[in-house]
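Okay, got some structures for you below.
In the two assemblies presented below, chain A is common to both, partnered first by chain B and then by chain C.
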Partner chain A sequence: MKYTIKKDPHEDERVQKIIEISGQNIFSCYQCGRCSSGCPMAEFMDVLPNQVFMFLQEGDVDTLLNAKTPWICAACFTCTVRCPVGLDLAAVMEAIRELQLRKNYDYVDPYKVDEREELPPIAMVSNFRKFTP
Partner chain B sequence: MAMKRIGVFICHCGRNIAGTVDVKRVAEEIGKREDVVLSTTYVFMCSQPGQKLIEDSVKKYNLDGVVVANCSPTLHEKTMRNAAARAGLNPYRVEIANIREWAAWPHEDNPEAATRKAIRIINATIEKLKANASLEPIEVPVIRRALVIGGGVAGMQAALDIADSGIETILVEKEPTIGGNMFRLSETFPTLDCPQCILTPKMNDVAGHPNIKLYTYSEVDDVEGFMGNFKVKIKKKATFVDWNKCTGCGECLRVCPAHADSEFDLKMAKRTSIYIANEQAVPLKALIDENSCIRLQFEKKVKEGKIKPKKNVKICSKCADVCEPNAIHFQNNEEIVEEEVGAIIVATGYEVMPAEAFPELGGKYPDVITSLQFERLLAPSGPTAGIPRRPSDGKVPESIAFVHCVGSRDPQNGVPYCSRICCMYTIKQAMLVKHAMHDAAVYDFYIDIRSNGKGYEEFYHRAKEEYGVNFIRGKVSKVYRVGDKYRVQGVDTLTGRIVEVDVDMVVLATAAKGSSTVKEIAKKLRIPYDEWGWLKETHLKLKPLETPVGGVYIAGAAQFIKDITDSVSQGSGAAAKVMALLSKPELEKEPLLAKVDPEICAGCGRCKDQCAYDAITIDPVRHVSVVNEALCEGCGACSANCPTTAIQVVNFKKGQVIRAVDVLAEVF
Partner chain C sequence: MGKKVMFYPGCTLKGVAKNLEDSTVESARVLGYDFIELPGWTCCGAVYGLAQDSVKFTIANVRNLIKAQNYGKEIGDNRLIAVCSMCYNNLRRAHIDVMKNKDKLKTLDLFMDEEANYEGNINVLHYLQFLKNDVGFDNIKKMVKKPLKGLKVAPYYGCLLLRPEEISIDDREDPHILEDLLQLLGAEVVDYPLKNECCGSYHTVDKKEIVGERTYKLVSVAKDMGADVIATSCPLCFFNLDKRQEIAKKKHSEFEHMPIVYFTQLMAIAFGLTSQDVLHFDKHYISPEEVLKKWL
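Entry: the complex of A and B
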């Protein structure tokens, strides 16, 4: 695996967007790993929470948009409570989900779902855009 | 002569000894000896009641010798000897039997063997003690002057502190200006104040201090003598300029047509052949570099017969022509001066490995430089006036990569240790780049960030949170040229993938080593150093400023790489040691020294060849060895090499040692 840094990650627009949505300075993370070691969902994640921050600090938002981690995050706030530099990780996860949702891409065409009348409407609506595996 | 009333005191050392060794049984066994009148145990012999026990017993039983069985003599020999001396016993009639490190600790799993070994160690010590002589300490006179070698921040601090106490101090610096490496720095972590602001006052204090005699552009040529009485020869290198007349106006610099790499700017700039080290040099004096001066080179070649000068030829003398005080005389004015001092502080500082030593990291390219060189590019007084420019084309870089641990923590390609200061100065440099050029992209490739100092971790977090420095964890493997840029190939060990980035400039935080001149000085002073050029202290924790040679101390980065805070502290510390030494009119010295029996000595000189302290001479008339008591350290190298046992160390005589070994080596 190889990643080429094309420009200063601090200048990356999508990184800036995540900072703006979450209100968190993702560059203050110094990679202690406490978020990952305490995360109750970490064992099911493909990218550990601390790695999420490393990807962001390297300007690699694409990897995160294709990762399962932000959708597995249960927003339980364990990491947020424990972060030594006071980062709200759950807010950052939410920002990554937002970035994905704001693409306005429907992953499921409601007209192609069988028995759609019997499904609860809320499940239908979240299915439109949610990028869960 | 032999002692008949010996007292033996066995220490429990809490459970350190008593937990393994059966101290009661040891005391009983030893008590059976005829020459022992008292054999007892106590929980802590080094405590006040323990010492009182020795004092009282010496008086009560009229003891003529004492053995204390406890820990290593390096810890409490002095304590026990003083206790006996208070009761009127000669302190050299007290011996330590080390049953903690030799019996209790190594045989924790076998208490029976440990107990038997302890008995044997004590018996051997008693045998040795019985032939001990009563001795009195030797007194040597003291010269109340000090020498400091190295005019960096540690050396300056030491010199100032000693001079402030009223002791005349000589400061020798090999460069034309004092200030050392610190004066090369742009700003200092973690407070970001510039050396020009905080160091120049100190430099001026040194230059103007009535008790400091400053020799810049000078080297220590030879050292003779011993603690309290050193004779030092100092070589003042040739400047070709009369410094008594030179005013430092700098007119000569403007007209000089010849150039060479600037030593002060570490090859980041050129200087003229006649030069002043830098604008704030102390002393502010011009000197000529012999190797690049047109006139001096010409004269040298004429002298060697390589050139035959035509008549009436005009050789360059532009500098001398403009010099108003007529200071420039082109004469080799090298001279050797002699100084007498009582104590010496070595503060020779450090160097960093050159970038060229790391070709795989691009050290062969002009735009890949060391951090110390980059300091000059960041310095407001430096060749680029504080805005870094690429050495190759003068372009202001838009992106810079910093690489930590280049050669450090890398015994295969550099040094095994951590160079301590690189993490902090690299972070500082990254910040300063952002100060100078806000839009520049800064990448910092580190393995660990080691920020163990007051305000250091906070400084690191500031760089991360506020300055926009990109930190990537993983060591860079190679740097190579791609067009106009340099491609840095590293790894991000946190996400587990290779990271590549193209930058305009690469700064390598190369490993620090001892100053290249330190080995020569160490040999002259007979003090030890390690393979990386760091001077060895007597004890890393408890005697970090002392060397095995009495009266010689070390300070600053000469001991090991350290930051400014620590260097200044050590400078002051070494100064305190010197003041304590020079505060007495006479010095007391342990009398455990080599003694020659002139009846036996054949004057073969083998002892003289072995002596590391130059303490032995051969009397030319009587043709026997003579020991200088002030120089002798009582190491015993002479005694071991004497074919006739004529030279022996007092209280370590051949008979004594062999009797002790006999007891120790008896078959179980």
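Entry: the complex of A and C
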């Protein structure tokens, strides 16, 4: 994965929006990697949890908006409770999803879900809440 | 009649997780408590909203808390028990959230102008906490008629009983409340290093292959540690670990199935409640009947 400083994140509207939605100071991440080492979904991600902060600090929101990672995170809060500086990465992942969902984007189309009869309500309610506007 | 306590079942328990609901309510009855379904409860929404600038995921929960506040005054008890991990997590988080952020509470109170304001005194408890702190483990031990001697159980907490920290029912990295309960029911608890690792959660809807892989790992490790069953308290963990074994098996031919149970079913069995009206084994993809037949 290549890193290039795209834009001063303090002047990037979308970075500021992510900070506002998540309530997290993304600049306090110092890349220790603890979030990624304990993440149960990391093996399925294209951008690792710690790299999310790296891209944000470099003002590269496009990479994050095009990444699978925010949609692979399961909001299990393992990183949240283990981050040594107390960052809530699960909330940052949600903020990145929200940037897209708030434009009326459906990541999952409820009408196209197969085996709807066999899925418990808890699965569908939680999925649609995370993946539809 | 036992002592009345408010119970929040959640939508999944009313259907596919009847085995969780009935084993919870009936085991509580044995212990002298009448779990009364919270009048007029609505679905909690399953996942708590993490966006700080929005209260849309908090409304339903606070509405439920207000209903508990009203009914709690009638029966003179402010405890609200949930057993589904997600319901517990949601209700507890909402309570903490609006108590910490009074402006959110004000917005919600203004929005819900027909209801009373939320006064903030509802004590949301998970059934395990209630069993340990309110009933007392000693009193539970007294009711055990059929100790589950020889049954090897892997205790599975998943995420939402332990995280985030503010709602954790026990030490978030090394919990033992479930182990302690299972032990006093007579079961042998196996060391289960993945007990607080996520199962893949709601990805089961659109990325079930990933959940199949998680299930493969979680069940295989439990098997390696010598477990006969995995015990959980969450209907989503249950569905994933149970039903997604089908995918795990397709992908990994050496994979061996293992039944998944709710800890409440094990408690019911230990109390001698072995009727299918309580246990509902027809709700399981992998039937636990064979493994449990010694006690049924």
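Note that in this section the second predicted complex is superposed on the first by the 97 of 133 C-alpha atoms of A that agree within 3 Å, B and C clash if a C-alpha of one lies under 4 Å from a C-alpha of the other, contacts with A are read in each partner's own complex, and residues count from 1 in each chain.
Convention: contacts are C-beta pairs under 8 Å (C-beta built on N, C-alpha and C of every residue); 3 or more make two chains touch, one makes a residue touch a chain.
What you see is a predicted model; the values in this text were computed from it and never measured.
Novice: Specify the partner with more touching residues on chain A, choosing between chain B and chain C.
Specialist: C
Novice: Regarding the shared-chain residue A:21, is it in contact with chain B (first), chain C (second), both, or neither?
Specialist: A:21: touches chain C, not chain B.
Novice: With the two structures laid over each other on chain A, which partner does A:50 touch: chain B (first), chain C (second), both, or neither?
Specialist: first
Novice: Considering only the touch criterion stated at the top, classify A:126 as touching first (chain B), second (chain C), both, or neither.
Specialist: second
Novice: Kindly list the residues of chain A that each of chain B and chain C touches, one partner per complex.
Specialist: Correct list for chain A: none, the interfaces share no residue.
Novice: In the complex formed with chain B, which residues of chain A make contact?
Specialist: Where chain A meets chain B, its residues are 1-5, 7-11, 25, 27-28, 30-31, 47, 50-51, 54-55, 57-58, 85.
Novice: Could you please specify the touching residues of chain A with respect to chain C in the complex?
Specialist: 20-23, 40-41, 44, 72, 74-78, 80-81, 88, 90-91, 94-95, 98, 108, 113, 118-127, 129-131
Novice: Give the list of chain C residues in touch with chain A in this complex.
Specialist: 10-12, 15-17, 43, 45-47, 49-53, 57, 84, 86, 159, 163-165, 172, 197-198, 200-207, 210, 214, 235-236, 239, 243
Novice: Mind listing the chain B positions that touch chain A in their complex?
Specialist: Contact set of chain B toward chain A: 399, 441-443, 449, 460-461, 464-465, 468, 470-473, 492, 494-501.
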